[in-house]
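Reading through the structure tokens given below for one structure.
A, B, C and D are the chain letters, set down in written order, and residue numbers restart from 1 in every chain.
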Amino acid sequence: MLLSTSCDFEFEIVVPTPFILMLRPRSGAQQWIRSEEYKLSPSVPVLEFTDSYGNLCQRLMAPPGPFSVHTSAEVMTMDAIDRAPGAAFIEVQELPDNVLIYLLPSRYCESERFGNMATEITTGKLLGYDQVAAIEDWLRRTISYVPGSSDVPISATEVNAKQSGVCRDLAHFGIALCRSLSIPARMVVGYCYGLEPMDMHAWFEAFVGGRWYTFDATQSVDSEPKAAYVAIGFGRDAADVAVYNQFGPAVYPISQKVAVRRLEEDTGPL
Amino acid sequence: MLLSTSCDFEFEIVVPTPFILMLRPRSGAQQWIRSEEYKLSPSVPVLEFTDSYGNLCQRLMAPPGPFSVHTSAEVMTMDAIDRAPGAAFIEVQELPDNVLIYLLPSRYCESERFGNMATEITTGKLLGYDQVAAIEDWLRRTISYVPGSSDVPISATEVNAKQSGVCRDLAHFGIALCRSLSIPARMVVGYCYGLEPMDMHAWFEAFVGGRWYTFDATQSVDSEPKAAYVAIGFGRDAADVAVYNQFGPAVYPISQKVAVRRLEEDTGPL
Amino acid sequence: MLLSTSCDFEFEIVVPTPFILMLRPRSGAQQWIRSEEYKLSPSVPVLEFTDSYGNLCQRLMAPPGPFSVHTSAEVMTMDAIDRAPGAAFIEVQELPDNVLIYLLPSRYCESERFGNMATEITTGKLLGYDQVAAIEDWLRRTISYVPGSSDVPISATEVNAKQSGVCRDLAHFGIALCRSLSIPARMVVGYCYGLEPMDMHAWFEAFVGGRWYTFDATQSVDSEPKAAYVAIGFGRDAADVAVYNQFGPAVYPISQKVAVRRLEEDTGPL
Amino acid sequence: MLLSTSCDFEFEIVVPTPFILMLRPRSGAQQWIRSEEYKLSPSVPVLEFTDSYGNLCQRLMAPPGPFSVHTSAEVMTMDAIDRAPGAAFIEVQELPDNVLIYLLPSRYCESERFGNMATEITTGKLLGYDQVAAIEDWLRRTISYVPGSSDVPISATEVNAKQSGVCRDLAHFGIALCRSLSIPARMVVGYCYGLEPMDMHAWFEAFVGGRWYTFDATQSVDSEPKAAYVAIGFGRDAADVAVYNQFGPAVYPISQKVAVRRLEEDTGPL
């Protein structure tokens, strides 16, 4: 599937403000960035670096006055996310080194507290993919998905107390549950085709059967196409994958627009 | 100063248990490992890897039965930790790329919540080193240091509520306060000469004036020698720098011994 | 300066052929990629990874039949390359760790053989930038720059024997001479505005005064604008920065077009 | 097998001289460093870093006068090197990203020149391990192994012209032949038990069947134990894995001693 994505931010800056943006998607196994735009107005010097998770991050100093960020991309992505019922749990000692960090608790995923709950949710399931699918399904049935209901990230413990949340919250809870079963899990932010209302999205991935698989408790299993994801950033949780981090006195976007369209052009399979 | 350090763990393993140990100190700007032992009994295959913070980690599968880990080292370390009153705050846009991760909130350091408190604690201080020194001093005066008072890591928010803690807790609080002022801060675990009671120790470092400086609110500023630290691991907080992580059914050491001695041999300055 | 760059390859593939392309420029201190296209025809799955020099590389399997690669970009680059007469030689022990690899001899830069020649060329010069400028100047006066005169990379020793070469050859020779003086030097491939005839270009950078500076013995010092470079890849020499590596039976492009235009739009300084 | 290794260098330094040493073996899949010593006399500050191949490197400034380096280790290593006749050739597009660099030509391995020779040597062999074994065997039969016959590294082309060489030379030739067949190959330096005369040793590894396998054309296939290797450094060729690099006016060791002993203690399998 060929998608066109865009994200536009407008800020009104008062004092020179350092930003770290994470708005340039990378080509990878699941997506190919065939074109891309990244424009800043006014134009300012930018340093780009690769963080420890492999994300491209853009550092800049926003000058006082109106400041806008425009990014867009044409991305070839998969027609449906991979599912793999039965894919095996990977024993910790067999995991690749760089996956181990996703077993540890993190800011918004207090995985050390959810061992019993996760065990109960997954009772009777095959170890591995089926456990994660059971967690995803449990979240879908149990935690109300209320888009726009919160601005500030909250942690799995808080989501559990609240029993509802935005996409990010459900992802945090899913990640915490997986990790408590020694299944590596990580947060993804990016675009999702067909999302309503349209916005940046967050979901999670779990490492089973030797690779990362996508899970998203906010989407119906029957929705079609259940697929069209474009990842921008990967990390342990929302603390790692903010589409922007800003330092100094708080600055909020006065406008933020996200769009995802399907392009008609037939490009064949990714 | 030349130190001899050792750490011994004994476990009684019931089912084969994956471990990730972080017990091999690395030579660096502040310390030189001139000899080292690392012995496992029974001997098992070990894979060693470097994590994303640069720590050496040892992966192994502990077999059922008694399992012991012995590490020791002779380390040349500094005679006194560096102090640098006046060392400048580094603007975010000037920080090295690999330091940026230490600005973000993490599992036990909810830095996004402590902006006001940190501002108040550091009122009137020069930006940079002096702010961190004020935080260290405030912690020393305010939070009771009670070695052995907790086993499980707690977060800065919880330490603030409790107003007391172990070395790890004070470090978490200090880190959260620094990061809320856009000062990169990280956790260090390792050995500290003269600690009473002797145990593994935790402290923190802040990045000011272009490098990392050591801070430790558990030690009196007047104690002599205020120095002799041997770092084993660096990370965002205790979640990253456990001297061991163990997976599967919980296993606790039936014995743990830490020793730090000063060697008489005159080796001159590091 | 705002440049539009493009590169088009057409191949006629006989058997399925693995390719590793290096055709996606990265934003960095000297350039900002504000838009970019990367299209393959037919469309095939691509894996992108970051190599040990920080370059983005695209892995794919080209299927039998016609296969074309189109990349283009709009890049904001500097109006003039930085010059820094007097910038100091950095003692080896003061060099950043990740620069050290650029002191070692490499496939096409047998730096261990050029110590005497480099010393003679730079006699009387200040250590550092001025030595490299003297090397660049010596190459410009001594080695005939003959675009299109060779297809296969040759080494500094061979360039020295031949006394002429393409841009890549002059860069190899310059790199070898710098390294023999313990000055880190690396190869850059990319686009150069105003190049005649237009083609992919190669130049070199030397690390003096604490950063990398651009040198290019193929361009007159008086040419205007002496600047407009867009880097695609960095490495020790041509072995590391091929815009494509192809494995299996040799395949040659049946067509290769490179274009660099200046865009009129006034974008202000980078 | 439990080995004791040691390496001692003595230098007479005239002017302050930067060194980069690579003398600290790392624990890995094939070896476990259970104790280690690293002593410098006089003691000087040392910075240790991890290079892009994963080797630990020690940077220091040797002061004028006598300067000695002592390293020793007790290492548990395998009783016999793994052999895997039939292990498959891995298609380039299936290789791990970080292995790809070992397909490229390098300073002493001009692999782009040996395609025909390698094809001929391996005629009729299964692709993969058996090709490398054929290359190893061909080297053993064809190129005279003459320990101590050269001090300066020479390249595969030069070894081919000379038809004899030291361990390093045979390794370079083997690596170049493998790479010309799109088989990743890398150089290893370290210790070899039973070597005569005892010295630092060099051999090579090829990546087939999904992992690195050891090859050494200097050793008889029948020698017993054909095993006991302790690796210190990995790289593309000798340019990457010098046990020391020294900068400025050349300094040669006035004494160099290498020892490898077998320890009696029964430690069981690695």
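Please note the rule applied: a contact is a pair of C-beta atoms (placed from the backbone, for glycine too) under 8 Å apart; a residue touches a chain by one contact, two chains touch by 3 or more.
It should be emphasised that the depicted structure is a prediction, and the values quoted were computed from it without experimental measurement.
Chemist: By mean C-alpha coordinates, which chain is most distant from chain A?
Modeler: D
Chemist: Indicate whether more than half of the residue numbers at the chain C-chain D interface occur in both copies; give same if so and different if not.
Modeler: Counting shared over all numbers used gives more than one half: same.
Chemist: Could you please state the distance in Å, as a whole number, between where the Cα atoms of chain B are centred and where those of chain D are centred?
Modeler: 36
Chemist: Where the CA atoms of chain B average out and where those of chain C average out, how many Å apart are those spots?
Modeler: 43
Chemist: Report, in whole Å, the distance between the mean C-alpha point of chain C and the mean C-alpha point of chain D.
Modeler: 31
Chemist: What are the residues of chain C that contact at least two other chains?
Modeler: 47
Chemist: Testing understanding: with touching defined as stated, what is the shape of the graph linking the protein chains, line, ring, star, complete or other?
Modeler: Graph shape here is a ring: one loop, exactly two partners per chain.
Chemist: Looking at the whole structure, which two-chain pairs count as touching?
Modeler: A-B, A-C, B-D, C-D
Chemist: Name, in rising order, each residue of chain C that touches chain A in their complex.
Modeler: Residue positions touching the partner: 26-29, 32-39, 42-43, 45-48, 50, 54, 58, 76, 267-268, 270.
Chemist: What does chain A use to touch chain B in their complex?
Modeler: Where chain A meets chain B, its residues are 18, 20, 47, 49, 51-52, 57, 59-61, 91-93, 97-98, 100-101, 103-107, 110, 182, 239-240, 245, 247-248.
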